[in-house]
Amino acid sequence: MVAEVKGMKTWSGLAKNRRRPSEYEVVTTNLQTRTRHPDQAYELSPAPLLEMNAFYKKNVSESPLQHPDWEGFRDPDEMIYRVYTRIQDQQEQYVDGLLDEHDELGHDAGLSASWLEVLERLYTPRRYLQMALQMGAAYLVQIAPASTITACAGFQDGDEFRWLSRIAYRTRELQMAHPARGFGEGERAHWEEEPAWQGFRALLEKTLATYDWGEHFAALNLVAKPAADEAHRQLGRVARRSDDGLLGLLADNQMRDSERSRRWSAALVAFSLESEGNAGVIRGWIEKWMPLAREAVGAYCGALPEQDDAANAAIGAVEAFHRSLGLDA
Amino acid sequence: MTTEGDAGNLVGPVMRAGEIADAVLEAIREDNEGREVVTEAHASYIRIKVADECVLRYETVGDMLGRTVTRGDIESNMPSFAGFIRTEPDGIRFVAR
Amino acid sequence: MALLEMHEWYDLTRATNWTPAYVDEEALFPPALSDPFGIAVEQWETFDEPYKVSYRDYVETQRDKDIGAYSVKSALARADFFKKASPHWKALLALHFSPIGFAEFHSASAFARMTRFSRAPGMRNMATFGTLDEMRHGQIQMYFAYEFIKHDRVFDWAHKSSKTENWIIISLRHALDDIEHTRDAISAAIMTNFAFEQGFTNLQFIGLSADAAKAGDHTFATMLQSIQTDEARHAQIGTPLISIMIENGRKAEAQRLVDVGFWRIWKQFSALSGISMDYYTPLEFREHSLKEFMHEWVVDQFARNIKALGLDLPWYWDYFLHDIETFHHSQQIGVYIYRATEWWRPIACVSPAERDWLEEKYPGWNDTYGKCWDVVIDNIRQGRFERTVPEVPPLICNMCGLEVTGVAGTGRQVNGRRWNATDFHLDHEGRRYHFCSEPCKWVFELEPARYQGHRSIIDRVLDGTVPPGPDGFYEYMGQSFEERGVCGYDYQWIDGYDPPRAAAAE
């Protein structure tokens, strides 16, 4: 004799769904513990006694961005870990192939002096920008009020490190091909001093110092990251015209990740629009952050050679993304 | 029974039982020649230990298996290790400090 | 291939610190989240990750790991295994899967704190893998728990427990939130990566995998070890931090972080792994006792690292060695007799043969814990099942959230059990706090503000947070009538399981 054992169809938390839950929903939903009590995100002294509980309360429970059930959010890509590693392994294999092939063709030796100077100033210092984007995504991971949001941000965190790593790789290759130049040495100085980067540096530093979860999401994922990535797309375009087909292809590949970020970000905006008042809040944040983004893109794209309107193209793409969000009153 | 932190500074990998574990043991014997290699088999894992320092080279493991062995192949089969780890381009060193 | 080797370019991935110009350094790295120790950024930049992996290598290795871990057996074969598994193994699986899915997923956030707020670039990158790893651990364990739900509703708790106020879940969240989620990046990393992950995860994820392999549960055994291969890597974040702390005159602080983290997590593993290994694992599949596994993984392997890094063993070490042999035995009695407050089907696991094993592994067990069980057994034999359930709620520790017990057999009688329990208590700002042990009390006294506002499940009963009435307590804990634990063997274990003999009902 053993005690009676009964089964059930699916998680009770997903039982109200009409369709059968996908693997994504089964393994990603309801894994958050921070949203049970507004004063006590963490199972210790409530706010204000415990600083972190006060921090979470201020930046999430009292954020202007509110939804009664953030756990209801779903990633349109339904990305799960075992799919993420498979997809990104394929993409990295592709990038390995590109690098190998271009190396065999002596690609870097054939780059012109004027283009090498552009790479030194406007490409390899991007690893600092990638670091900032990575840190921003990591903030979303730890502050987001639902495990389905945490998961999206976690993969984005990984993606940013992916491109930080590939830029580091390319920096080293360029350094080996052109040891007399400043590759691998001068990036920090360019990031900190080169006028073309200062707009992005200001935008990212200010985004990182924004702790309200909703505003951080809007500043990073609706403005700073799309702007930074669109500027990179423009670099890729110019690269092609400067016989640097490799950078063009790498930038294209990076945009795949960027677009996934935009898909879940748009879905999160759409989800938050279920609650009244959020449209105005998000619109307000976009309006607040876009001037910094315009300045950043303007300064960066303005420094690209033969850029014929790269800045407008980049900002246009960011604005088109905003128009797609359904925020217009 | 052991007393705390007093296992004679034996260091080395804990491998999931299987062919990689067997190859790692053989490789460690070869790459740490002249030094005693202690093993301790459990139902699902095996401890491989060498005093003070234990060298594991991917190529030697590959030689034992007759195929290329990467860092990832080792990691996937190494749920733990004793001592401290130092990853190097061609292998792993486990050290007591 | 003419691809560069990782070591040729890797250093550039960790030359990523810059000096902020558009916001204050403190706004970007608030000390309370980043570094309250005031160590110079150049010092943090010396952080050299002992276990280096590139992103390219990471996604490939991790893809392969998942292919291996997900495909050990078909879903059908696993379902079949589960249906045939004994109440022992089902209880073990339930105890493992219910709290661990959300806890692991939650850890992704702890690593993200490191990526965002650490001043050590190499640490930020390693922690990014840590975030991804912990998402993996959450998801793979939710996946395997889900396969059982069709057969056993107990596994619903893998999904629902995260948000319940069940006392066991409160206890776990309290410990994890304390060490992983509510401190600065450095403190959380030393506590999480060193004290918790290097210290204890091996126990549950490798030790238990040996039992699982013996039990023929190869899917579970493989999954556990596969998870642990990630832990072995990302847990290495802790060691360079301790060295940097010591080199910069912060040894005492590092020591304290280790001592607090180690104790808090030991209490959790004592209950989780202790009950799993010494009770829920069927006798014939037991590789070692908890005590033996603790000596292998912690008292030897981990303590050695503490000393090699230049720290001392925690001040409570002698008491800890004593606790290894006692605490989980008391907890197992509590977990069984308060079974209605748990969602799975707890089992006693003290049949005659199992008692012999316990006596062999823990000499003196029969004279202490065995005596408590004698009372339970006697009540079952007399058909007085209601007497196997205590009338009054237990005393709960205001730190670890587990029952205040002690060593059984002597001293004061509580609920039919005799404990030599010392009530460690503290009067602080107008109320009395109870603790199970000196270290739990010590942790509280170090930072009272961190803990004093938290109410244990018993505090909540007394202050009216828990609704009154016979069902109020269970409903508060998220347990409908069907979700209240009953004896997994329907009391028919007292004379052994094979052949099963009815007890008083005969």
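Each chain gets a letter, A, B and C, in the order it is written, and its residues are counted from 1.
Everything below uses one rule, namely that contacts are C-beta pairs under 8 Å (C-beta built on N, C-alpha and C of every residue); 3 or more make two chains touch, one makes a residue touch a chain.
All values reported here derive from a predicted model rather than from experimental measurement.
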Which chain's mean C-alpha position is nearest the mean C-alpha position of the whole protein set? C
Which chain maximises the distance between its CA centroid and that of chain A? B
Just give me the whole-number Å value for how far the CA centre of chain B lies from that of chain C. 27
Mean-CA-position distance for chain B and chain A (Å): 39
Please report how many Å separate the Cα centroid of chain A from that of chain C, as a whole number. 33
For chain C, what residues touch not just one other chain but two or more? 60
Touching residues (chain side chain C, partner chain B) in the complex: 5-7, 50-53, 57, 60-61, 64-65, 68, 202, 205-206, 209-214, 221, 225-226, 228-229, 231-233, 236, 239, 287, 295-297, 299-301, 303-309, 313, 317
Going by the contact rule set out above, which residues of chain C touch chain A in the complex? 1-4, 8-10, 12-13, 15-16, 18-24, 27-28, 32, 54-56, 58-60, 62-63, 66, 70, 87, 90, 101-102, 105-106, 108-110, 112-113, 115-116, 121, 124-125, 127-128, 131-132, 135-136, 138-140, 142-143, 146, 149-154, 156, 159-160, 162-163, 165, 170, 173-174, 177-178, 181-183, 345, 449-454, 482, 486-490, 492, 500, 502
Chain A residues within the chain C interface of the complex: 1-3, 5-14, 23, 26-33, 35-36, 42-46, 49-53, 80-82, 84-86, 88-89, 92, 95-96, 99-100, 103-104, 127-128, 131, 134-136, 138-139, 141-142, 147, 150-151, 153-155, 157-158, 161-162, 164-165, 168-169, 171-173, 184, 187-188, 191-192, 201-202, 205-206, 208-209
As the complex stands, chain B meets chain C at residues 1-7, 9, 14, 16-17, 42-45, 70-72, 75-87, 89, 96-97
